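Shared chain: chain A. Partners: chain B in the first complex, chain C in the second.
Up next, the complex of A and B:
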């Protein structure tokens, strides 16, 4: 159908192209503005909100000269708009300043700790999706049954439980009590200097080195934090899948397909599921974003050397550059995920065109 | 007409049920009462939501009567009775300073409740006002407001709260401010969507024709329409607010020890987790229960008041 009308009126495709590129340009513009806002917000938090950023760095009892030197170093003697432009230029070139506690550039620290978080988050989202989507579909298919109730309660608890507490309980039960899993940290100190870092993802690095003993150690330490983060992601994904699926199953085309004699399984997976797949991608991206949030507390509990623990350690030391660097990186990931979803949505869901 | 005088108030107790169930409402007041009555009935039939409500009532009771209910004071130390496991004397055991954990959890209820209510009381009205104003005025006000909302939504709530706390300094009041600052944007977006669906209605046009200014229209005619969905959203958010507050307390950035805040108690109990599990377990269960209760109630409220998202 679409092809025939395109052949008859070729100008339409051109116009459609134009419309789509305008729409895409508008999205990109929105993203650019959001990023500008993000920078403004962190500038505001870092430079304007504290009563005195110099005191925040030096402490209360600093000498007059030290105070003046830091004051000028931070550029606080210059007008606010000039400070803002310098700050923006720095951030856009990924210069978040030096960490006050480690003395290294914040961006170096972040690139060093980031893979640990990525490993955690990727594995968690994988299991969250692999378990959450089938559970959500199963709950929707048997709406109101005991299975549905069970899944709802299970998901709701995942929603409501503080994950740092789950981590503590998990460590007490499965590590200290039963000895089923490895303890806190990514690797035992025994292996720490054996591993050659290539990707920064220990599972991949150890597999590349064919050191299966390291691989096994890493897995035993990943099980608990990944399990807890995946539970939260699963809860969210299962809930959303259920409600999307219920919406589809109440539509007339489903009733028509069932009346034609299509089996219930086929209706759900062949007819209804493709229609919720696009929405699900957005939900999964959102869940991934929340994982980064969950990782902050989970990493603290598991002494996991990732972005989250870096950020909380920096917070407790009052290392503002490091904190804001993390905030910007997480914000950028969030915005990028949103952007990808938006573009994905537009290219796969004809209703949004 | 004279046999059936139109009355607004329910005259007698026997007819109250009839008045609420009447097929046709005779006055705006009756119509409003009827719709609340129907929603309450739907909510009452939802056992999960009722369980949530029940837990929250218990929580409020615990918070209000903690000094009389708790067998010990929240700061009362007894160094001879340190780290005792749960027993008849100490239901939840005692901590490293010999304080009764059950009493501390009870006293912690009011802290948690106060943080959640304060944060909601700040975030709700701000979100409502920003959203309704942006939706009604449209144009550049809308664009600017929504871009600001986008920026705030570009962070997970906890990250944003952490950043604010980092700048403002640790402490319970700053935690409330940080949480409120992190939770108004979704409410604003919701209120804006609700506003957009009514701004072209006849009743708004009528209000404008009678000479009402934008402020009056927003406050008197649009905000009331948004309130039900905002209330649901805030209830659903409460669970998140409580988890964020507990997380801040756990990291040592919210309520400070010796305050019996559940997150802070958890942080202290963390050191003893492997040997004395009850220190961290009990406040954790309290956090889980309350956040579960808010989620259950929020779900029920949404089902009852907002049939579109059933």
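Up next, the complex of A and C:
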């Protein structure tokens, strides 16, 4: 016979399940509201910008008849609410319309250019974290020493030097001067037709084909843009790591640990570092989001066909379908990063579970 | 020791990995770097900018061609010969019988009828190349006639000079012969295959479009079915490199063969480099300032004329416009038929006292404020700032607003501007080409939306100029015609709604092993260029 109290109260597993369901529903609701807001915002941004979408398509010298025809084709003669619902329906089915800049569906363009940015961003954030975090910790551990000063100056330069300038100087020295790295573009002209695009990530595609000459060419062209973007990310991460770490190192539990005879290295990495992990995750996610959003100037100097350049070019041409498509994709990226951050918080900080 | 050795090996491997695999370009491929942002489609009826125009003229043959050595001379091409009727009202073209489209369909006169009719039906900017000479949607059936598969007749509504019709109509974008049989299958909702031709080509020419990745690359490959001798270089790769500095470094390293978007500083800095050769040709393109004459005080001829004395043309030509253009104050480009010579065509100079006098004569003594719109470009910001500084000395405040080209286009079409800086290019080496657009305005009513006429955009309407331009065009006595054009230009220079500033160059810097780079104001002949 079952215990009456057990029947009246949900079990521990049941309560957990309920809490998790509520939390998941809350997250999904937040995502849905954010996306709805983003779509609404992009629609109205598209309507208030001082571009005439018809002129952007036809140029400034078409006949009145052609203008009227395209005006109707775009549905601009219909009421605003009708345009909005059509837009909402299309966006929710990932139909962002056709790009004026390429004549192709925007989603196809984004699928084409996004891997180029992902390749750049992933490598940049990897090196940015791998170098930035230890440097930030080292600077904090030796606060005020020459090492701290050196790291701070190094990070400050990375933080403040314009990527555009760094890119051109880097090309002049390492590509044109020393010939150590490849030039602008993702691949040499020689390999233009040899690569079989599967993932869009040239390193992976060339490795899958076992074409190590193409792989080497791609690496040689990634070194400079990745180096420059990683330097910027590293500078940001190192400065923030130093700041978080300094705060931790001044806490009483650190002094207590040192008083008990725990080594400095152990205090830093075993006691202090786990406590800055949550903040670091946020910083890294922000840096990664920025890199994915597109480092426009770096992509311009290095003729890198990525998302940032695609969106900037579209904006300058009044290609609003492409711009709004990119804005929504970037919004999705940030929402995804936020969700991932939340998951990391839960892993690192039991209080948030 | 072992640890150090491992680190050393890893570093060596990393260094080897980063070394560029290939530095030079393939021998059978010409690699050109250019800013390809302007490309948005490959439909000859819709193309309206320099980059795609250059590409399409190497992809699609037109009925007749401009001579490689002389931009004013028309030579047989898809039409092997032609006869003009005695009354100058009709031209009959005898077309080649051996020309075949890439699809295998023969090139016929019916293709040309369809191609020219669709330009009118679609009504994009290029339709004005036909409507300017009396061709309309309504009269297309009588105007464009296929007498048989290889005989095409062009019937005119007025006895226009045949040389102009040959240059403006049948040698240009509207005279490209498209594969009508193939394209009719690609039509969607009566769009004359415009959608298909946005990203594809279907015509006969020395090259075909193999690939266009927007913002990345355009690849042209030799068309094996072409009727002429095959091109000297079978493949062209045109890489999108928007930054001039990057182009220069790539050219110096031999990673590209031709750079097309270099600025004055880059060209000057490479002058002593034996591995590269600069090339330039004077375009029939004029960089100018437009005034909105529908707004005060620019409705006053004297005010607009005062602005012509606010530019130091020579100083600009030596600095920001070095390798970019020469001073030119008449709208008719140097090199066109009936153009004023270089001295008479550039009479203005910096003279702020003279400008002040003209403003006072116009009744303006207190100065005023105006907006100057400019699109992103290589030299417009510097020229705008130059004007801003000089105008400030006369009490005129110029607010410069740099904007996206789409925004500027919208402002121009809506007549919503005070001043703008932009360029305009004609497609014929004849005074009429520019005067017809800049000195005539068929209907100044806003609802007419004749935005293909810069004079309409500026609300500039002078019936006397309309008549004089037409009279000069139809004048048969050449000496008298030259004098009429001369007077037109002199009067237009003082009254126009534009201050014409510079005639622009088209620049390229080539690797020294590139030979037979043939070009002039209207064409670049890819089929001739090769590497030794």
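Following the convention adopted for this analysis, the second predicted complex is superposed on the first by the 310 of 353 C-alpha atoms of A that agree within 3 Å, B and C clash if a C-alpha of one lies under 4 Å from a C-alpha of the other, contacts with A are read in each partner's own complex, and residues count from 1 in each chain.
Please note the rule applied: contacts are C-beta pairs under 8 Å (C-beta built on N, C-alpha and C of every residue); 3 or more make two chains touch, one makes a residue touch a chain.
Given the structure is predicted, the values throughout are model-derived calculations rather than measurements.
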Inset, instruction - State whether chain B and chain C clash or fit side by side on chain A once the two structures are superposed. - result: clash
Legend entry - First (chain B), second (chain C), both or neither touched by A:172: both
Legend entry - chain B versus chain C as contact partner of A:80, first or second or both or neither: neither
Inset, instruction - Examine A:42 and indicate which partner it touches, taking first as chain B and second as chain C; both and neither are also allowed. - result: first
Inset, instruction - For A:331, decide between first (touching chain B), second (touching chain C), both and neither. - result: first
Inset, instruction - With the two complexes superposed on chain A, say which partner A:113 touches: chain B (first), chain C (second), both, or neither. - result: second
Legend entry - chain B versus chain C, judged by how many residues of chain A each one touches: C
Inset, instruction - Examine A:208 and indicate which partner it touches, taking first as chain B and second as chain C; both and neither are also allowed. - result: neither
Inset, instruction - Could you look at A:34 and tell me whether it touches chain B, chain C, both or neither (first, second, both, neither)? - result: first
Inset, instruction - Could you look at A:150 and tell me whether it touches chain B, chain C, both or neither (first, second, both, neither)? - result: neither
Inset, instruction - Report for A:159: first if it touches chain B alone, second if chain C alone, otherwise both or neither. - result: first
Inset, instruction - Would you please give the residues of chain A that touch chain B in one complex and also touch chain C in the other complex? - result: 50, 168, 171-172, 176, 300-301, 315-316, 318
Legend entry - Residue ranges of chain B touching chain A (in the complex, touch as defined): 147-148, 150-152, 154-160, 162-168, 239, 243, 246-247, 250-253, 263, 266, 269-270, 273-274, 277, 280-281, 284, 287-288, 291-292, 294-296, 299, 309
Legend entry - Complex interface listing, chain C residues touching chain A: 15-23, 25-26, 29, 31, 33, 37, 40-41, 46, 48, 122-125, 127-128, 198-199, 213-217, 219, 237, 239-243, 245-246, 249-250, 252-253, 255-256, 376, 403-407, 409-414, 447-449, 451-452, 457
Inset, instruction - Please name which positions on chain A make contact with chain C in the complex. - result: 50-52, 55-56, 58-67, 69, 99-104, 109, 112-113, 168, 171-172, 175-176, 179-185, 188-192, 213-214, 216-217, 219-221, 223, 300-303, 305, 309-310, 313, 315-319
Inset, instruction - Using the touch definition up top, name the residues of chain A that touch chain B in the complex. - result: 30, 33-34, 37-38, 40-42, 45-46, 49-50, 156-157, 159-162, 164-165, 168-169, 171-172, 176, 243, 289-290, 292-293, 296-297, 300-301, 311-312, 315-316, 318, 320, 323-324, 326-327, 330-331, 334-335, 338
